[in-house]
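A single structure is presented below for examination.
Which chain is which? They are A, B, C and D, in the order written, and residues in each are numbered from 1.
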C-alpha cells in the first residue's frame, strides 16, 4: 500500500510537515529485541535539521516517543508505533505556497492527484516524512545487532556536484564518515566539499550528488529471484526517497561499457567458501546475495527549494514569480545518508525474515 | 510475494527453462477488454530467440495459449492464465552446469538459498521467465488501448557498449525502432551497432548497453507519494529484469552535477494546462506523474554466458574451467526492449487502476 | 500483515492496554472526505467503558487525536493517524497476571508464541485494541456519508444468553437500538436483558450472545468471487474481534436443514430491478452483493474475565487458583455492537473502492 | 488479491468451468519437499465428480500436470504451477443459462459486477475452481508430512439435513471417514444418510449440511493476534468455499448460551505441558493455537442447482421458469470434505511459515 513497505518487517509511515506529528508503525518485528527510544533517537539526530552549518537551520528536536510494542526494554512482537511531534511551525513562511506551485516540488502533482493538498511546508511530500523511515531503520538495526551481529551497513556521500570522494572501499569506516559534517568517507578531504556547499548556499542555490552504500557481512541467500530481487527492492527503496533520481548496483551504468569477458566475476574457493575474484555483480547474483559486499549508488538531484527567483504558475494558472522564504538545505546529501542507511536496513531485514521462513 | 507484481493489476509468473512450460496469471484485469492470443503473440515474437542474426539462435516458437479469463474475445474480470510450452530442450547442452557454477549467473546463489536448483538451462533464472512478463504486458496494453488510447510507451536501445544513439526524443517512433534488428531509434545508424555485436559474437564475447523509455500521454496523477512513487515502482520493475544493473529517471546521475537553479523545471501555462518548460523531472514529481513525458533509462550488463573459457569452482568447491556450450545472446539489448516495455506497461496500468479507485 | 486489514482502504492498529496509547493508521482513504475528531469520538463513546451500568466501570475517556491526513476539515488522501492515550492504568490490579495464566485469555498463547508478553491488562489482546478499529470504522462511515449516502449499516444485540430479541428486520432503526443500554432492537423488551446481565454480574459471572447486522442500500457488485468473497471477508473481520466464536450469513447454520427447493431465492423483477423474492442468500451470491439486505450474525462467548475463583497454572507450571481483580464487562455484547459495525464498514468500504477501480 | 490466498504460502487459482482448464500457482512453498503429481491426484480424486452414486455423474478425470517448480521429485522453492484440463464440456446443457439467471447462483451478480460473464457451466463460480485449492492443499500436506509429521487434519460430514453424526471426537479416523461415500465419521451409520441423499435426488431436490474439522498435533503459537487470528483466517477460508454459509470455532453459537464460569477452559499441567481441562476455545486463544485440538464446523447450504422448475427472470428482465438440465450434486457435503481439508491445510501452512520467520 502507498505508505507501507516490506512484506514481513512492514512499516507504515504517517504525517505531514504540519499537524500533530509524523511517525511510523513497525509491524512484524521479532519479539525480544532490545529497544529503547535512545536507540532510535541517535539516528533521528543524524537526520535532523540544524545539525551543522551546511544543512537547513530549521529548529526541530525531532524527539521520538515509542507508543507501543515495547515493554521492559524489549520488543513484544506487536506493532511498534513511534511518534515525533511537529515543532517550529511557521505558517507565514509558506504563505506563497498556498497560491503558487513551487518548481520541481510536488505541489502541483498532489493537487492534480488528490484535488486538495496540505499547503504548509510540503505536507506529506516534506522530508519530515523520512523521520518514520529512519526510526523504523533504527528498529531494524536493533534486530541485526542481536541476530546478525556481523552485518554492517555503511552509507556515505561519495559525490557532491563535481567533487568526487577518493574512496578505497576497504578503508571506509562509520567513524570516519561521521567525523565530518558532509559524511564524506575521507575527513581530510571534506573541507573542499564543505566550502562548495557554503558557496552554493551563499548564492541562493543548491547542489546534488551521490550517496554510496557498502553492506559488509550480509548473509548469503537474501533476495527473491524474480520480482523481489534484492537489488530490485533496494532500487525501489532508494527511488522512494525524496530527490533521488537514480540507482545502480555493482558495475552499474559503467558496466554497460565492458565486455562479458571483462565483467564476469570468476568464482574462487577462499578457505572453503565460494567467493568471487571481483565484485562487479555488487554482491547480488540472480537477485540473491552471494556473500560478497553489497555495493550500490544513489543519485540525488539538487534541492528544489532555492533562494533565487523562479518562474512558475499560480493555482489559477497565472504566470508568477516565486522566491522561497522557507529555510532549506543547500545540499540534501549529508542528511540523506541516514535515510539511505535506514532504507537499506529495512530492505535487508525484510528479506532476512523471509529467508528464515523457508530455510531449514 | 516473490513471483508476483502489482497491487490491483497483479501478475504471477511461473516456470523454469525446462519442464512443462512458463507463463503467467494476470489477476485484476478489468472486464470487457478485447483480448486474443494474437494480441499476446505479437509481443512474444519480439522477445523470442532466433528472431534475427544478432540474438541467440535457439529455436523456440513461444506459442501462447490463453487458459482462462477470456470468453468471446473479451476479458471476464477473472484471472487470465497464459501458458507457453517449453521446446528445444537439449539437456546435454547443460551437462557441465550440473557440476560447475557459471560466473555471474545465479547457479551458486540459487543453490545457496534453496539447497537445490534446476540444473538445466538456468531453471527459474532463465530469461524464459520473462515470457510471462511480456505476455502480461500485452494484456496491460489491451487495457490501455481501450481505456487510455492516448498513452504510448516506447522503449529502444540507446547505447550498446560505447556506441550511443543520436536521439532526438521527439522524432522517435515505434515504427522506426522496429524497423531494425537492434531496436535502435535511428535505423540509418543501426548498421554500426549490428557490426559491433556480430564482431563481439565472433570473438565469443558479449556486450551490454542501455534501454531508454519514453512514455507519451500518461495521465496526470499516477503514482503514490511515499513508497510506491511511480519512479520507485518503475525502478523495481526494471531492476527485476535479468542482467539489469541500473535505473535513472529524468536527469538521473547526470543531474547530480547541476545546480538547483539549472535543474528545476519552471512551470508554465500552455493553453490552459500546467506544464513544465523543461523536463529534468522526467515526468514525475513527488512520485506522481505530472503529464509530461516520462523518460528513464535502464542499464544492462554484458551477457554472462560467453564462449570463452572462464575460471570457476565446482559444486564441491574444486577450481575448474568452464566453457559454455549453450547458445546465447551476444547482446541482450534487442530482446530486452519488449521486456522493458512490458514492465513499464505493468507498472502504469497498476497505478492507473489505483488512481481510479480514489478519484472522483 | 498481522495488524493490518484491507486492500485499498487499509488500516493498521497499534497499542497495548498499557503504555503510550492505542490507535490506528488509515491508509487509502479517498481525499476530500469531511472528517473531524468529533466524527470519530461519537463512535468511540459508544465503545467506551463506563458508558452504562451493565458494562465495565473502568474510567477511560478514550479521547482521540487526529495526528495526520486531515487539513481544513477534510481528508488529504494521505495516511490518517489517530491516537488515543491510555489512562486509568492501575498496574496493581494485574499483579497476579504476571505469574498466572488467566483461563480462556491469551496470556498463555502470547507467551508461547513470542516468548514474552505485556503482563498488564492483557497487553495487545486487550479490548482496547478495538479502539483503532472503531476509529477507522468512523472514517469509513464518513466516506459512505459523502459517496454512498444510501448505505445504512445496523448492528444490534439479538441474543444474550438464552434471551432472544423479537425482531422484525424491517422495523429496526439505529435510533431504537441506541435508545437502550443493551443495544437491543426493541427497547420495550430491553429491561429483562438488563436484569439478566445485572444478575450475572452480581454472581461474579458473565454471559455471551449474538450480534446481528443488517446492511441496507449496499451497492450491487461488491465482493470478489473467489477468496475475497464479501461474506469471507466479513467472516474474517468478525472472527478477528475478541471473544467472537462464530459467523453465519443469510440462512446460516439453520439453512443446512432446508432443501434446495425451500432455500433458493427466486429472482423477480421489481420495478425494473432484478431482486429476490426471499433473502436466504443474505444479500450475497457467489461472493458478490446482489443489492438485497446483507444480513449476518456473530456469536460472542461469555467474557473470560469473571470474579469467581478459577483453576489455572502459573508461568512456572504450578497449579494455582486465580480470582480476577480487574474490572470487567459481565457481557461484552453492548460494547461489541460498535465494533461489529466498524468492521462491517471497513470490509464494505474496501470492497467498494476495489469495485471502483475496475468498473466503468 | 481476489484470486490469491496466503501471505507466505500463497496460492492463486485460475480457470473457468469451460475453456482451457483450471489450476493453481503455489508461490512460497519451501524447497526440497517431495512432490509428485500422484500426491496431488489422490486428493483431486476425492474431490472429483462421478466418484460415487451420491454425487454428480459428470465425467471428468481431473488429471493434473505439474508445470513448474518441481525437479527430480522435489520442490525447487520456485512457483509450482498445476494444470487440470477441462473435459466433458457440453455447452448445450447450459443453453438456458445464457438468457436466464439461475436462482441462488452467481449468474446475476457476476453480470452485475463485471458487465459480462462466462455463460457455460457457471464459469469462474463453478465448483471446478476448487480444483486449484485442493491441488494446493495437497502441496501443503507434503510440507507438513516432511516438516510437521505429527500434524493431522481430519474433515468429515457431521450433519446432512436433519441427520446428525453420533461422533466421539477421539475415535474419528481418516480411514473410517474415507470408508464410506458420505465421508461420515461412523461408517455403520452412513447408510441412512446415503438413503436420504438418494431420496432427495430422486425428488429433483438437494440438501445441505455441516462439515466438521479436527486438527490434531498443531504446533502451539500459530496465528497472529489481531486481524490474522487463526480462527479469522480459517473463517475466511471456509466462507470462501462455494455454498458455505457459516463457521464456528470451539463452542461456537452454542457457547453463547453458557456462562463464563461454565465456558472457560481451566489450565492444567499435564506432564509438564500447559494444557486445558476442556476445549471450548477450540484450540485457539487470542487468535493463537494453544496446542489443543483445533475444532470447527462449516455450514453448507443445499445445492442451488435442482431439477425442479423454479421462478426466475431473464437477462432482459422478463419473468421466466428455469428447469436445470445440467448434472449436479444432490448434496455437496461429501465432495466438500476434501475442499475443507485443503483450505485448512493452506491456512495452517501459511501461519506455520509466518511463525518460523519470527521464532528463534
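Keep in mind that, in the parts below, a residue touches a chain if its C-beta (ideal position, glycine included) is under 8 Å from a C-beta of that chain, and two chains touch if they have at least 3 such contacts.
If you're wondering where the values come from, they're calculated on a predicted model, not measured in any experiment.
When you average the Cα atoms of each chain and compare centres, the chain farthest from chain A turns out to be D. Comparing the chain pairs A-C and A-B, the larger number of C-beta pairs in contact belongs to A-B. Chain A and chain B, compared by their mean Cα positions, are separated by 27 Å.
One finds 39 Å separating the Cα centroids of chain A and chain C. The set of chain B residues that touch two or more partner chains comprises 1-4, 7-8, 13, 28, 31-32, 77-78, 113-115, 124, 225, 358, 360. Interchain contacts join each chain to each other chain, per the touch definition above. Within the complex formed with chain A, the residues of chain D that make contact are 7-8, 28, 30-31, 77-78, 225, 353-354, 356-358, 360. Every residue of chain B that touches chain D in the complex is listed here, in rising order: 1-4, 8, 10, 12-16, 19-23, 25, 27-28, 31-32, 65-71, 74, 76-81, 83, 113-119, 123-124. The touching residues of chain A, when paired with chain B in their complex, are 1-5, 7, 13, 101, 103-106, 108-110, 112-115, 124-125, 129, 159, 161-162, 200, 205-210, 220-221, 223-229, 231-240, 242, 245-253, 255-269, 272, 274, 276-277, 280-282, 284-291, 299-306, 308, 310-313, 317-319, 355, 358, 360.
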